[in-house]
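Chain naming follows the written order as A, B, C and D, and within any one chain the residues start at number 1.
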Amino acid sequence: MIGMSKLVGLAEAAAMIPDGAVVAMGGNVMHRSPAALARALARRGARGLHFVKTAAAYDADLLCACGCLASVSAGYVGYESEFGLAPHYRKAVESGSVEAREHACYTIITALRAAIQGVSFLPVKGLEGSDLPAARGWKTVSDPYTGAVFVAIPAIRPDWAVIHVQEADRLGNGRILGPRYEDVLLAKASRNVILTAERVVDRLDCAIEAVDISGFMVSAVVAAPGGARPCSCAGRYGIDVPGTRSLVESPVGSAADAHLSLYARNDGGAL
Amino acid sequence: MSAWTASDIMALCLARLLRTGETVFHGVASPLPLVAILAAKRLSPPGPVYLNITGGVDASPRRLPKSTDDPELLAGSASLFGLADIFDLAARGGLDTAFIGAAQIDGSCRLNSSVIGPFDRPKVRLPGGAGSAVLVPNAKRTLVWRTKHDPRSFPARVDFVTSMGGIDRVVTPLCVFRNAGGRLVLESIHPGVGFDEVAAATGFPLAAISAPATPAPSAAEMAALAAVDPGRLRDIEFA
Amino acid sequence: MIGMSKLVGLAEAAAMIPDGAVVAMGGNVMHRSPAALARALARRGARGLHFVKTAAAYDADLLCACGCLASVSAGYVGYESEFGLAPHYRKAVESGSVEAREHACYTIITALRAAIQGVSFLPVKGLEGSDLPAARGWKTVSDPYTGAVFVAIPAIRPDWAVIHVQEADRLGNGRILGPRYEDVLLAKASRNVILTAERVVDRLDCAIEAVDISGFMVSAVVAAPGGARPCSCAGRYGIDVPGTRSLVESPVGSAADAHLSLYARNDGGAL
Amino acid sequence: MSAWTASDIMALCLARLLRTGETVFHGVASPLPLVAILAAKRLSPPGPVYLNITGGVDASPRRLPKSTDDPELLAGSASLFGLADIFDLAARGGLDTAFIGAAQIDGSCRLNSSVIGPFDRPKVRLPGGAGSAVLVPNAKRTLVWRTKHDPRSFPARVDFVTSMGGIDRVVTPLCVFRNAGGRLVLESIHPGVGFDEVAAATGFPLAAISAPATPAPSAAEMAALAAVDPGRLRDIEFA
């Protein structure tokens, strides 16, 4: 509700997301992921979450390592050239414990747009010749005017979007510096939004076009300096290489406790 | 020993294909395309209109990040044009060139970035095709690169078709393939590489029995590479 | 092409838009309409244009008064409370010389989104009970997964979007101050974009999020100070009441020559 | 002579229906809703979340413009949330209240803002329904106002159904109607107005034979109106 502070702690925010929820995470690959909140979900032992993102790395891989996920809907899950494949995600999928709901990044965007627009599907241009529609059970739809055929992408309406921003205010207005990736779409598509922020102020004081997330859509705001680590946060810090290696090199299938401990102080600063 | 590396000639083969004024996009995990685009802009300014996942439009990064969706790739951008915008641009026919990588490429211009083995119970779960399943059909042309050229990477048939269609060229450490009516055919073989070496490294049959040599990097081209990529990001996929 | 100046004069820009083209105009009702360019079209005697806008007033009314239009696709055409109905539009429609392709504003947005996304139609939520779908010949489409039925809105891909901005650079980057209305959608949906601008600089020098139109999508830039008059232009000038009255009170069906003369000096400053 | 006008009680009837925290939108040509929203926010802060076509979110205009999509309605906004966003919000079930005007309103909760006479060859071409055809079904509720209450404005049947469905209340200079199972019924009659006057001004039959009086404006309400609308924009539709 407008006018009231939405500030909560990291663990409290993680507790708002129930087991089994559909959770979309902001940022892209190793940049501006809501990593501290992902760790808070792991610490609380979340189970059965359905993860949604165009291109993921640390967050999805950590949640797979900790057994939190039932499925991953994404166009890409991996660390890019420096750290390679996402080992925990890979293992979880190959063992059958997590369902890889592979998308093209654009079909994630299309699915989110359907949710935003209140329709149960949207037609998308592309996918000709791809095995993905058959593998994913996607059906087609015909233009009733021209007969043109498109793949129909079912809406994805996340229960929660979790987005890390450089600056937020207590009312939930959020400001992203640098790349926005798909975060504005995620916020609009989701039933509830949690912002974690490098810095929380009483009221954002910037040009109106610099406010990416409108506060009235946001349920909770968490002060989480360093909350994207080991991912980068534009204008604040780059990728934490040892921190990333600590997860990537954790024994595959382990609960990654040592890795979580590594960030206890970073994340505790937010409590 | 030649004065250039496989990464140099691959970056330059990609750069040579780009034209001033066209819109060009690379996605995640695309260090060679990043270097190629910046080299093309330097060699023939202003070069292509450079788009990437950060929303950058003709960004001028001060250093080349290892991650190709790093915020640095927004530096100096004239405006914000994000990933959804880029996919839309491609869908409505306005993206001239997309750079797409793949784990497997077969002779029928099919790309696999999804799985080795069955989709539902894969032997290897790969990262996924990112934008390829829509960009390959929607962009006016797709340029593919792969820094490994061996029969596993270039099989007779991909395990899974993540995308196919609009592939124009495939650049490897050994050669350049082009799409001739839906089949990959040799366009050129890099200097110092033999035809038999290419044939042995390729899991699908090569229609020709020879191919012209790829033009060796010129001094101007090598200077452009050195200027835009002094830290040799272009070697990262060869590590 | 990037790097090259796209600066042209007002008449030259109007000459780029051929008779019969689909032309979308930016702004909303009496705010930041590309009025000078609309007058330039009227002066060159444009004919058979198909006009597109969510909510229009002066621009559509002027072009109707001057016989330039074949159809108007809009959710609203009128001057709001102060000046009332759009008399020239009304007369043109009632006489049968202009086709009123009434939309809901949202279906204009949906039609533009379809064009942006390269699909020939999009499903839209709403319109239950409305006579509009039958009157407009809109068909329905079924979700292939759930059977849910939506009205299918055919794409509108304007040949030209004409947008008035406070500031543009020679490369076509455009900055809007105050309300953006649907202008960013119009620019993306259209095959070609003309910007008219209060001020043209060599290179926009503002925060990246303040640049609303990416230059590479723009064909031509026109220096047109006062180019929205008699509409308002946020931060520059308000609605010109006598100028508006001059059109509204022109004899219905006239070519509005006296009205065009009134703005000759305003528009000539841009040549 | 009473201390308040029809515009005062209409604005207040609309304002009284608004709740703190709900999202509320008005579009073009909506001076009474604008005044009502600002009055509601003043009477019970922070009041509803106020959205409008300019993209304003809880804007605090320094003066009330005659045009209700004027840039001034973005002043002091916390963020930008434009018209497409608002329609989307309604489509996904997140818009609590939409204010919609109409040229004709009939007893079956149908609104006409399109034409008098046939659609394809109208006797009068009206401005069009703007957002109504999607907002009336999609918003959780629609509040309708009309400053003319006569049989032409409230006919037995509208000439054209621009929109219908989720209408909750209709506020006129004479009375307030509410939607009872798809029929407009009298909820209250403004002080000083007789039942017969309402019946004579209404082109559809009134089910009841009487109705309670609309509560007269309180001093606090009148003070709020004077504070938010000192220039009496609320009178403009009565001109």
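Rule of thumb we're sticking to: contacts are C-beta pairs under 8 Å (C-beta built on N, C-alpha and C of every residue); 3 or more make two chains touch, one makes a residue touch a chain.
In this text the structure is predicted, and so the values were computed from the model without any measurement.
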Quiz item: By the touch rule set out at the top, what is the minimum number of steps from chain A to chain D?
Solution: 1
Quiz item: Which chain pair is joined by more contacting C-beta pairs, B-C or C-D?
Solution: C-D
Exercise. Let me have the rounded angstrom distance from the C-alpha centre of chain A over to the C-alpha centre of chain B, please.
Key: 28
Quiz item: Where the centres are mean C-alpha positions, what is the separation of chain B from chain C, in Å?
Solution: 40
Exercise. Starting from the mean Cα coordinates of chain B and chain D, work out the distance between those two points in Å.
Key: 57
Quiz item: For chain D, what residues touch not just one other chain but two or more?
Solution: 55, 74, 80, 90-92, 138
Quiz item: Tell me, which residues of chain C touch at least two other chains?
Solution: 117-119, 124-125, 209
Self-check item: List of chain C residues in touch with chain A within their complex
Solution: 110, 117-125, 139-146, 148, 150, 152, 154, 207, 209-210
Exercise. State the interface residues of chain C toward chain D in the complex, per the touch definition above.
Key: 28-31, 54-55, 74-78, 80-82, 85-86, 89-90, 93-94, 96, 100, 102-107, 109, 124-132, 135, 178-182, 185, 232, 234-235, 239
Practice problem: Would you tell me which residues of chain D are touching chain A in their complex? | Solution: 20-21, 23, 45-46, 49, 55, 57-58, 74, 77-81, 85, 88, 90-93, 138
Quiz item: What residues on chain C touch chain B, complex-wise?
Solution: 1-3, 115-119, 157, 171, 173, 188, 203-204, 208-209, 211, 213-216
Self-check item: chain B - residues contacting chain A, complex
Solution: 27-29, 31, 53-55, 66-71, 74, 80, 82-84, 87, 90-92, 110, 114, 119-135, 137-138, 160-165, 236-237, 239
